[in-house]
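As written, the chains take the letters A, B and C, and residue 1 is the first residue of each chain.
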Amino acid sequence: MKKKFVSILLTISMAAALLSGCGSQGADPGKDEAESKESAQEESADREAEEKAQGRDTEETGGAGEISGTITFWGLGTPDDPTNFVYPWMLENIKLFEEKYPDCKVEATWVANGDDYLTKLSTILASGEAPDVFRTYVNGRLEPYVTAGKVLPIDHLLETYPETASIMNENALASATFDGKAYAIPLQASSQGIFYNKKIFKECNVEVPTTYEELLAAIDTFNEKGITPFVAGISDPWPGTIPYELIYDRLNGVEAYEEAILNKGESFGDESFVKAGEIYKEMLEHGMYNEDLVSISDEEARVKFSNGEAAMKLCGTYAVALYGEALGEDAGIFNFPDIEGGKGSSNNWILSYNEAYAISSETKNQAAAEAFVAFIYSQDRQAAYAECGDLIACKNVKYDESKLSALAVECLQYMAGADYAILPWDVMLGTDVGAELNNTTLQIIRGGDPAKAFGELHDYAMDSWAQ
Amino acid sequence: MKKTTINILRYAIFVTLLLVILLPLLFVLISSFKSNDEIFLNPWGLPERFDPESYITIFVTNDMLRYLMNSIIYATITCVVVILASAMAAYAITRMKWKYSQLCMAYFLMGIMVPIHALLVPLYIAVARMGLPGTTGLVLVYIASAIPTAIFILAGYLKGVPSELEEAAVIDGATVGVLFRKVILPILKPSIATVTILTFLGVWNDLILGLVFLFKDRTKTVQLFISQYSGANYTNYGNMLSSIVVAVFPMILVYTFMSEKLVNGMMQGAVKG
Amino acid sequence: MDKVMRNKKVIIVFIAPAMILFTLIIPVPLVVSMGLSFFKWNLLEAPQFIGLDNFIRLFTKDAIFLTSVKNTLIYILLSMLFQLPAAYFLAILCTRGKRFERLVRNVMFLPSVVSGTAVSLIFYFIYHPEVGIVNAVLKAWGREDLVHMWLADEKTALLCVCIAVAWQFIGYHMLIYVTGIVAIPMDMIEAARIDGAGTWQLICRIITPNMKPVLRVSLVLIVTSSFKTFDAIYVMTGGGPAHATEVMASHMYEKAFLQQRYGYGCAIGLILFVCCLVCSTVIQRILRDKE
C-alpha cells in the first residue's frame, strides 16, 4: 500500500515538473496572468539589452569570415511540387550560403503541408528547443509568438545588413510588426483575382466585365452556351469565401472593411454583411458555379480551368505558373468589377504577404542565423525567387522579367497599381472564426438564407471573441 | 445436391469479395501510372501509356529504399520487443496467481484508450527530457503504445486455451522459464502472429508520431516519405500512388509470412484432434 | 502448479519489462495532458489555470463539440454494424480447411495495409458526383433520383465514410476472429459433428461460446479505436461538410493544434478517454467469464 502511494506521488510530481516546463521561459502556471506577463516583459527587456551588447560585438568584429557553426532551419515545402517555388529556391540558398560562409552549415527540416507543419512547430516550441530560423506566420497568427517572446525582432539584422534593409517593403513588414518592431520577413506577395480564359471569352463574344451587371450578363451568356462560368471546388470551403470578400468591398468600401474585420468593431449581424450575401446569392442563382462545386476540391477545379473547361476561376496567384504554362497566351486576370452605388473599387485587391521567416529567440548562434536570413533576403536571392514566377514581397529588386510568363507580368502590373490591399478575412479573424466564416458562405452557396447564416456567425464570433 | 449449392454459394461469396476488395486496389495501381491531370479527367480508364517514370523517380531520384529500410527497422525492433514483453506480461496476468493481476490488466488497458493527439506535446517533452535521440525516442513510443493492445489480445487468447498442457509440463518438473519457452510460446503462436501483424501495421502506417519525433531527413519513415508528395497547394498523385503501391509490399510479406504461422497453429490443432 | 504460479519473484520478472516500458512513456504524459485540460494554453505562452472553464464551455457553448459527440456515437454504431458481423461470418467461412480460403483471407487483409490517403482517394472517386461509380451504377439502373453528391451531402457523408472504413478494416477484425477460431480444439468440433450438429448449431453451440474472450477483445478494440477515429475522417472529409462528419478526435486536433488551444483540446481528449474507459468496462462486464 505504501509503495503504491509513493509511486502515485512520484507520478504526480513528475507530471507537475513537466507541466511547469511546458510554459515559456519556465514561467509558473500557478502565477496569475499579470505577474507572468510582467516577468515575460522583463525578460524580453533583458534580452534586448543583451542583444544590443552582442550587436556591438558583431559590428566591431564584423566580416563574413567570423560567422560559423551549424544552424537549423525549418520550412514548408516538398520536392516534386511544381507550384512550390520555395523548396528548390531554399535548397539553392543553403548551398550558396554554405559556399559563402564555409564554416557554416544549415540543417534543414521540411514538412510537406501546412497542418503538419503547424503541429510539428507548436510541439517543438512548447518543448523549448526551437529551430534557429523557421517559417512562421504574419498578422494575428504571428502575434502569440511575439507575446511569448519566441522570435527575435529583426531590427538588429537590418542594421547589420544594409543591403537587406534596402529591399524591405514597409507594407510587407507591417504585417509582422508589433509595438513598432518587426519580427519576421515575408517572402511572398499573394493575391486573389479572377483568372479567365481569353479564348472562351472571344468565342462567346464576351468582354472583360467592368461592372457587376456585365459580370452577371457574362455568366448568363456562358450558361446559355453550356460553358461553366466560374469553376470552383469547395470540398474544403475556403475558396467559396473569396468572392464574398470582394463583393463586400465593392458594396461597402474600405472603411467598412477596416472597421468590421481589422478592428472587429462591426458585428456580423450588420446589414452590410447580409447585403453582400444577397448579391452573392444573386450570382449563385444565375448559376455562376459548376454544379458539383461542393464535392470537388480546389485542386480539381484548377485542373478543370487549366484544361479550358470553364471561362473563369477565382484563384490565388500561386496558380499563376500553372495557368501560364497550361493556357499560355489564353490566360488573363481581372479583378472583381465595381458594383453600382457601392463604395468600393475594382482596384482594391485582396493581397496578403505570406511565407515569413523568423529567427528564434532561443537561438545559440544569432550571428549565423541573421546572416542566413539576410542572405535569403539579398538582392540576388530575391531576384532568383522572383524569376521562378512567384510574386515577391520585397521591393526594389531588379530581375529579368523576360523569364516570367505573360500572365505573371500582367499580375505584377496589377499588384503594383493596386489602390488598396484587402487582407484575406480569415487571416484577420483568426483560425476559429475564420473557419466558421467559410462555413457561413458554404451555407449561402448551398441555398441558405444570408441573414440567417450571418446571424449564426455573429453569435459564434461574439462568443469566441468574448473568451 | 445440397452440398453443391452451398459450395456454389461459397464461391460466389468469395468471388464477389475478391472483386469488391481488389478492384479499388487495382485502381490505385493503375492510377500510379497516370499523370496528375489524367487521374482527374479519366479516373477509371487505363492510362494513355504505362509510364514507369514515377517509379523511377521515387527510387532513383528520391531514394525510397532508404525510407523503406528505416520503417522496416523501426517496425521490426518494435515487434520483437513488444511480443516478448507482452507475451510474458500476458502470461503473468492470466496464469499466475497474484492479487493485483486484474488491476495490472486494467492499468495496461488504459493505454488502448489514450487519444494520441492529446498526448503529443507532453509525450514529446517527456521523451526529449530523457535526452534520447529522435529515433530511439520514437521506437520507445511505438513500443509503449503497442504493448497494451498486444497484452490485451494475447491475454484474451490465452484465457480461451485450457491449461492442461502446462499442468502436465509442471508435473514433468519444468521450471517457469522452460514452461514459458516450450509450452506457452508455442500455444500462443497463432495469436503472436496476429499481434506481430497488427503491431507492424501500426508502426508502418503511423504518420503523426514520426512527424513530431523525427528531424533529420535520412531518419524519416516511409509514411513521411509518402506524405511529402501531398503539398500545400498541389498533390503529386503519380509519385504518391507509386510510393503507396511500393510501401504495401513489405507489409504483404510480413502478413503472408505470419499468417503461415497462423495456419501452422491450426494444423497443430488438427493433429491434436 | 499452484506453487510455481504464486512465486512473487517470477511474477515480477515476467511483468517488469512490459510494465517499465509502458510506464516510462505513457502514464506521465497522460496525467500531464489531463492536468492541462484545466489550463488555457496556446502552446507558446505560459499555461494559465482556468479551472473547469474548458469543460463548461464544451458542454454549454461549443455546439460543434456536441455535434462531434453525436457523430462519434453514430460512427461507432455503424462501424460495429458494418464490420463485426461480416468479419465474424467471413472468419468462419474461411477456417474450414477448404480451397481458396487462404487467398480470401490474404486479400481481405490487403486494404488495412494500404494507407489512409490511398483509401480516401479511392473513395473520393467512387463517390465522385460526375465520374464516380456509385452514381454511374444508379444511372444505369434508371434511378436518377438517387444520384447524389455523396460526400458533400450532410445526410450521407458520415455513412459514406463508415462504408469506406468498413471496406478497409473488415479484414483486420477477421484476422482477430480467425486466430480465435483456430484456437478451438478440433476434437470439440469433431465431437459435435459426430453428435450430428449442423453448421448452424456448430456456430452457435461450439464456436461462439469458445470465442467469447476473442469477441470481447475485438469489441473493445473496435469501440476504443472508433472513439479515437481520426485519420479516416481527416483525410476523407476534414470533418466537413459544415461539421457533418466532425468526430471528437478531429475536433480535438482542430482545437489543440490548428487553433492553438491545447488546453481546450486536452479537455476533449480527457472526455474521450473517459468515454473509452466507461464503454470498455461495460463491454467487459457484459461479456464477463462465468468463473
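Just so we're on the same page, a residue touches a chain if its C-beta (ideal position, glycine included) is under 8 Å from a C-beta of that chain, and two chains touch if they have at least 3 such contacts.
Just so it is clear, the structure is predicted and the values come from calculations on it, not from any experiment.
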Contact graph of the chains (line, ring, star, complete, other): complete
Taking each chain's centre as the mean of its CA atoms, the one lying farthest from the centre of chain C is chain A
So, in whole Å, the Cα centroid of chain A is separated from that of chain B by 39
Whole-Å distance, C-alpha centre of chain A to that of chain C, is 37
Taking each chain's mean CA coordinate, chain B and chain C are separated, in whole Å, by 15
For chain A, residue numbers touching 2 or more other chains are 18, 22, 119, 122-123, 126
Residues of chain B that touch two or more other chains sit at 121-122, 125-126, 227, 230
Residues of chain C that touch at least two other chains are 27-29, 32, 36, 43, 128, 257, 262
Interface with chain B, chain A side, in the complex: residues 18, 21-22, 72, 76-84, 107-114, 116, 119-120, 122-124, 126-127, 129, 299-300, 303-304, 306-307, 318-319
So, in the complex, the side of chain C touching chain B is made of residues 1-2, 4-8, 10-11, 14-15, 17-19, 21-22, 24-30, 32-33, 36, 43, 90, 93, 95, 97-98, 100, 102-118, 121-123, 125-126, 128, 131, 133, 167, 171-172, 175-176, 178-180, 182-187, 189-190, 210-214, 216-217, 220-221, 224, 227-228, 230-231, 248-249, 252-253, 256-257, 262, 265-266, 268-270, 272-273, 276-277, 280, 289
As the complex stands, chain B meets chain A at residues 36-37, 40-41, 57, 62, 120-122, 124-126, 128-129, 208, 211-212, 215-217, 227-236, 239
Within their complex, chain B touches chain C through residues 10-11, 13-14, 17-18, 20-22, 24-25, 27-28, 31, 43-44, 81, 84-86, 88-89, 91-93, 95-98, 104, 108-119, 121-123, 125-127, 140-141, 143-145, 147-149, 151-153, 156-157, 159-162, 166-167, 170-171, 176, 179-180, 190-191, 193-194, 197-198, 201, 204-205, 207, 223, 226-227, 230, 237, 240-241, 244, 247-248, 251-252, 255-256, 259, 262-263, 265-266, 269-270, 272-273
Chain A contacts chain C in the complex at 11-12, 14-16, 18-19, 22-25, 27-31, 33, 36, 40, 115, 118-119, 122-123, 125-126, 144-145, 147-148, 150, 235-237, 291-292, 294-296, 430-432, 435, 439, 442-443, 463, 467
